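Both complexes below contain chain A, partnered by chain B and then by chain C.
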Partner chain A sequence: MNKKKFFHISREQWKRALNKVMVSAVSFIASIVIVGIVIWISGYSPIETYVSMVKGAFRSQTSIALVFSEATPLLFTGLAFAIAFRVRLVNVGIEGQMMMGALVGAIVGHFVTFLPHIPHVFFTMLIAGLTGMVIALFIGFLKVKLGANEVIISMMLNSIFTYIGSYLANGPLRAKVTGVAQTEIIQETALLSKLVPKSQLTTGYLIGLFIAIVLAFILDQTVLGYKIRIAGNNRIAGETYGIKATKLYYIAFMISGFVAALGGSIMTQGPITRFSDGAVAGYGFQGISVAALGAYNPLGVIFSSFLYGVLRAGSYTVNRTTNIPYEFVDVIQVMVVVFVSAPQIIFSVKKWFKKRKTAKPKHLPDSPAPAPDQNQ
Partner chain B sequence: MNIIQVVIAATIRMSVPIILGSMACIYSSRVGVVSFGCEGMMATGAFCGALAVYYTNNLWLGLLFAVLGGALISLLHAFLHVTHKVNGTLSGVSINLLGTAASALVLKIVWKSAGFSPEYRSFTKLSNTFLAKIPLVGPVLADQNILFYIAIAIVIVSYIVLYKTPFGLRLRMVGENPVAANSVGINTTRMKYVGVLLCGALAGLAGAYLSLARMNRFILDMSGGRGYVSMVIGDIGGGNPLIAAAISILFGFFDCLQSLFQSADTPSQFWMIIPYAFTLIMALVNHKIARGPAGMGKHFDD
Partner chain C sequence: MQIVSMHNITKIFPGTKALDSVNLSLGEGEILSLLGENGAGKSTLMNILYGIHHPDEGEIFFREKQVDIRKPMDAIHLGICMVHQHFMLVPAFSILDNIIAGAEPKFGPLIDRKKAYDRVKGLIDKFHFNLDPNVKVSELSVGEQQRVEILKALYRDAKVLILDEPTAVLTPGEVDDLLEMMRNLRRSGTSIIIITHKLRETLAVADRIMVLRNGVLIRDDIKPEDTNIEELAHLMVGHSINLDLHREAEHVGEVGFEVRDLSITENGVQKLNNINFKIHKGEIVGVAGVEGNGQTQLLEAITGLASPDSMTVMLNGEPLTGDAYSFLHRGVVHVPEDRLSMGLVPDLSLKDNAILGHHDKPFAAKHGLVQKENIAAFTEKCIREFNVKTPNSDVLARALSGGNQQKLIMARALSEESEVLVVAQPTRGIDVSASEYIHEQIFQYRDKGKCVFLVSADLDEVYQMSDRLLVLFNGEIVLECKPQDYTKEELGEFMLGARKKESIPFAKEADD
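Our next item is the complex of A and B:
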């Protein structure tokens, strides 16, 4: 009996993976170049900016810790978006799910006082994650059972959750001492321990890595992952074989909600330590860029979140030393989504160059133009 | 003005950007393109209008630039979704992110400010015109600015264009069934481009209302989710401009209630939830219509 080989990768798979890496790399470089032109037009040196950015990010132990702590929330939202996109669902509710995770993390972290350190940390994360899961389940339920548009529901729920969180932070849960609208600091027992002292980097990043590896394993090596990939790539073919797409919509959406809310809770238990208005705002939509750069692959997301961590941490240095605004990192992130989701843009430029090259020696007027190679 | 007139005037003021935005989204969803990018087009329109007025001090030029800015960014949306067949929602999200990120960046570069621009001229109310002398409705009408009347004209024109002209018929056919539309000789790609460009132009106008009429400065994130609400309302109305305009006014009414009751004892957040909860419930009740035309997100050669 031949043993089943784990992690067997065929030549075809290597080729496909390499192609995806190429698309991501070229997209990233193209975005950096375009934003570099914007920086150049506004009167700064783009090369100097990028060099000082990378230098700033890897200056010292503290700044490297900053890179990873900036990458932590992006890792979670990137994973959450990637797993939902594997069944071709765009989960725009990540923003709200992450916020509710942060809120529930703050509530459980503060009001549960009887648990010792490690159980308390995991209990808080679990409850927060389940909250996100229930929200995602609710959205999935409305989509599958009522046929409602999940994008509309997610967006409206995002707004409603934002106001609920704002109400709780301003009203019943407001901390007594501070003048700002925020909740009390969570108990010491619920705080994640720090990986690098005097930094914001916590063990939450390791949890993110663990989840990324688990998700990659599920997607590549299990029956469930196989079904998810089939339902996403060709729903009708899958249903012919009895793979019910609706059930997989639920599952992928629930995993997505769980991971997003877990990320929110880890932000509360790590650097933020309490919940306030807009504490985790914006990470949800940035996750889309992270997932796109990571080719919607959990292992790719690890690298892309690290890359964005470098950009973000470096941009703080640049912003401190020069007048260049750090908002240009946001523009880079958006351009990456544009290029990754339409890699044909880059290929069409390549084709255009090729056409020009082949068109030059055309001196015979009656010879037909060379037909474009269909395989490219 | 008595209290009823004040409420009606405020309702109309709140609903003008939503009316314009939902008209924009109708054109987009009628050709089968998800109008999720409306938020980013609005933000871009608001910013381009503000930039133009700040430098030229001419409001009509500002309006023109807002429309052009919205159309320009919608061109990217069309390029991604129609030409390159990117998932419509995903491309919409990137448009939204680009709208916010690019305006934040240019805001920093041009005005060296994080969040808002300096003040400039803005559209004023029509208080001193003949409108104010009309009994009963006069004060309400005079409390608006010219963009309200432009919005009404756009609603009526949109209705006529969509339902009474051959162009509108083709537009709707592309959204319902692109394959059939293609087989009778309609250029579906061009129609989709036209629909998305109209969406961007009108969304830019909606953004201009925010930055040139409601306020006299540009504030980052000033669209504040109105693009999403417009998308939902355009879909709830089944793509009919008149129904969508009516629902927009209803939304404006809840938005106005929210601002009236903010000073009351109850927490303001509850009142702010009302418009969104209303939209959510409407979307759930009307879910069959709210899904848009049958060919949503489909291309003729799928």
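Our next item is the complex of A and C:
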């Protein structure tokens, strides 16, 4: 096939993509500004803070490695959330799925001793991923067959899994010589290789990139991706023409759960090396923000997870030099979700600017705003 | 005296001039009919009067005082009310509650229900609306719901009533009632603007007719007694139009599609009871009936979308079973009744929409990969052959006008080999030229020796298009006939259940 045509992007598609990038960019900038005001109220210069953050994030090879290693778990959970959201499913269960992935990764990584390096790495990831897939499938089953709300089910399951993990790390699987609740360190054969020596950055990040590209390919180039787009945009029209939404719910949930749990395992097989209580807590929820900023597009998620990586890595520097707590990055992430899921805010700001610019007010028809929070 | 006058109204939407210096005047107690195709600017003009849009240029006068109408509340305060095509009622509320919502008479912090009831009842009696204010809206027929909408306006002291396509969903009897109601309102001094494509009704009720075309006022001084349907159609479209649709079937062959023993129960209610019919090759079988008498269930059953209690479908003598997918792939193509919710995915491109249902045919998919070049070519073919007006095939489906959306859906259904076309409400809310085009395509399809099953709430349409007509009432086929054997008024009686015929001679004849 002609390669040029294969990746042909028309003007309309460009326009729509630019619009999405605009929404994300404005959301991000608006969040930065608002958090900047908070920093200013706390008595620091927001500009200096941000400048030192960015400088801190890019000052050395080690700090750049930190950016990417901070981005790694967010890349996985962001992808997991985004793919489910393409069929308008809100999989907040990625928090629990990732945790179970991390736990299963620790178990397989520690107790399987007969495999050589590479097979052991992949076997661990596979089993962890399948665990997440089964959990997500269970949520899908409850939704499709019993009409349960996937958000509530996932939230409940998150708690259950957190306590299961906590119990195992405190009880049966607790490491012998340690004071805290954690499992034994996994076998060296199950550890991912480091990309930068003495950093926390592993080949896990590359696996994340690979998965993002695969997902982007699926969405854009395959019939499965076409069906996902149809079912996610208009379920009824899909069913009228023989595309069963329930089947796609299962598939999207399975992919989502697999990717989330894989991310958990990659954390275990990378920087953490064992499962400990709360080690991967919070990444699942942050994934929502990552996905939203990435416009629920796998390639967009690569960028948004990188941006958050910069913020997180930089915030460590800021935290060392000032007493601004690095939790303010969480505030930025939350603000982004607010702005991205309410694009009307951005459109009205845009309108307001236009009105001020033109002497004669020009009334545009209501912008056809993408409404990603329109769930059925 | 003029109650409303609009001067030199111009409205520009990005890329188009929706209205170009249009004038409108409306006298007290006058019924003005606003005619025009979709996109002619009728709705824009009315939305400006109602405060939904703001004109770029021009002035509006109410009782000879200049007014600035910025939002619908401003219009309502002046006494300008609009009844939309899609009713805005709460089905679970009573008629009374729907009418007073937002303008409740108060007794301290409470609603003064007694006063509200008296006032609403008074209005109902005055205009002979024949409604009980305590009945829930969900129990009302479409015609009755429309009366509630009109009452809502009257309750708010409407001096000017704008009716947007009021007859689109009504049976002939209900249309007559509505026209009578409008005359009553006129007598009491209410001015009415009626937006419509239905020329017959315009002639029957209007005092004056105004025609818009492409945002330009063509004429606003037409008296119904001095004109006729052909002239109005000509003025609207700009060229003459063939209004007599009917075309004899050229060659009616053997039975191509047959449905037997179709019954459906939903939530304990029998929606369809023992439906049997056949469609011969080269024949259009139409279903007439008031909406809600089982048409939706019938369409869902024969396209595989619903699973009935009992049904046997034969396609070319072979049984057809399964879900929507199997029906589609055996050649039963479907143009669903609701364009935007069932027929299209508005937020996806025309290409994505064009292959909906064809998405795993060899031209569109190979080894699970979408064939973008073939899809683009297929979409271009659909656009070209069905004359869909669009800048390109990458725009979103929602950007097209209703008529072009429907053409795209028709193109999608007919562009691949098929045996049976099941088409519902093919021209609802679509302008005259697009309708004519779509009807022509349906006839051409029939004359290729295919079966067509047509359901429409527009009796004129089924009456003129069908070679054989089924009348559906309360989930049963109460009449099967050749349309020319009955008048529309007689059919209306069957549609309302006022007449029932026991023997169906034509059905027997068709068996041979």
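Methods note: the second predicted complex is superposed on the first by the 347 of 376 C-alpha atoms of A that agree within 3 Å, B and C clash if a C-alpha of one lies under 4 Å from a C-alpha of the other, contacts with A are read in each partner's own complex, and residues count from 1 in each chain.
Basically, a residue touches a chain if its C-beta (ideal position, glycine included) is under 8 Å from a C-beta of that chain, and two chains touch if they have at least 3 such contacts.
Every value quoted in this text rests on a predicted model; they were computed, and no experiment measured them.
Engineer: Check the residue A:S10 against both partner chains and state whether it touches chain B (first), chain C (second), both, or neither.
Structural biologist: It touches chain C, and chain B stays clear.
Engineer: Based on the superposed arrangement, let me know which partner A:Q221 touches: chain B (first), chain C (second), both, or neither?
Structural biologist: second
Engineer: Regarding the shared-chain residue A:I243, is it in contact with chain B (first), chain C (second), both, or neither?
Structural biologist: In the superposed model, A:I243 contacts chain C only, not chain B.
Engineer: So in the superposed three-chain picture, is A:N19 touching just chain B, just chain C, both, or none of them (first/second/both/neither)?
Structural biologist: Neither partner.
Engineer: In the overlay, answer first, second, both or neither for which of chain B and chain C A:L157 touches.
Structural biologist: first
Engineer: For A:T62, select first, second, both or neither according to whether it touches chain B, chain C, the two together, or no partner.
Structural biologist: So A:T62 meets neither chain B nor chain C here.
Engineer: Going by the contact rule set out at the top, does A:V90 touch chain B (first), chain C (second), both, or neither?
Structural biologist: first
Engineer: Using the touch definition from the top, say if A:N234 reaches chain B (first), chain C (second), both or neither.
Structural biologist: In the superposed model, A:N234 contacts chain C only, not chain B.
Engineer: Which chain C residues qualify as touching chain A in the complex?
Structural biologist: Those in contact with chain A are residues 13-14, 53-54, 56, 303, 305, 323-325, 328-329, 334, 336, 341-349, 352, 355-357, 359-360, 364-365, 368-370, 372-373, 392, 394-396, 398.
Engineer: Help me check something: in the complex, which residues belonging to chain A touch chain C?
Structural biologist: Residue list for chain A touching chain C: 1, 5-6, 8, 10-13, 16, 221-227, 229-230, 233-234, 236-244, 362-365, 368, 370.
Engineer: Report the residues of chain B in contact with chain A in the complex, numbered from low to high.
Structural biologist: Residues in contact with chain A: 34, 36, 76, 79-80, 84, 86-87, 89-91, 93-94, 96-98, 100-102, 104-105, 108-109, 112, 114, 225, 228, 231-232, 235, 267, 269-270, 272-273, 276-277, 279-280, 283-284, 287-288, 290-292.
Engineer: Chain B touches which residues of chain A in the complex?
Structural biologist: 38, 42, 85, 88, 90, 92, 142, 146-149, 151-153, 155-157, 159-160, 163-164, 166-167, 170-171, 285, 288-289, 323, 325, 327-328, 330-331, 333-335, 337-338, 341-342, 344-345
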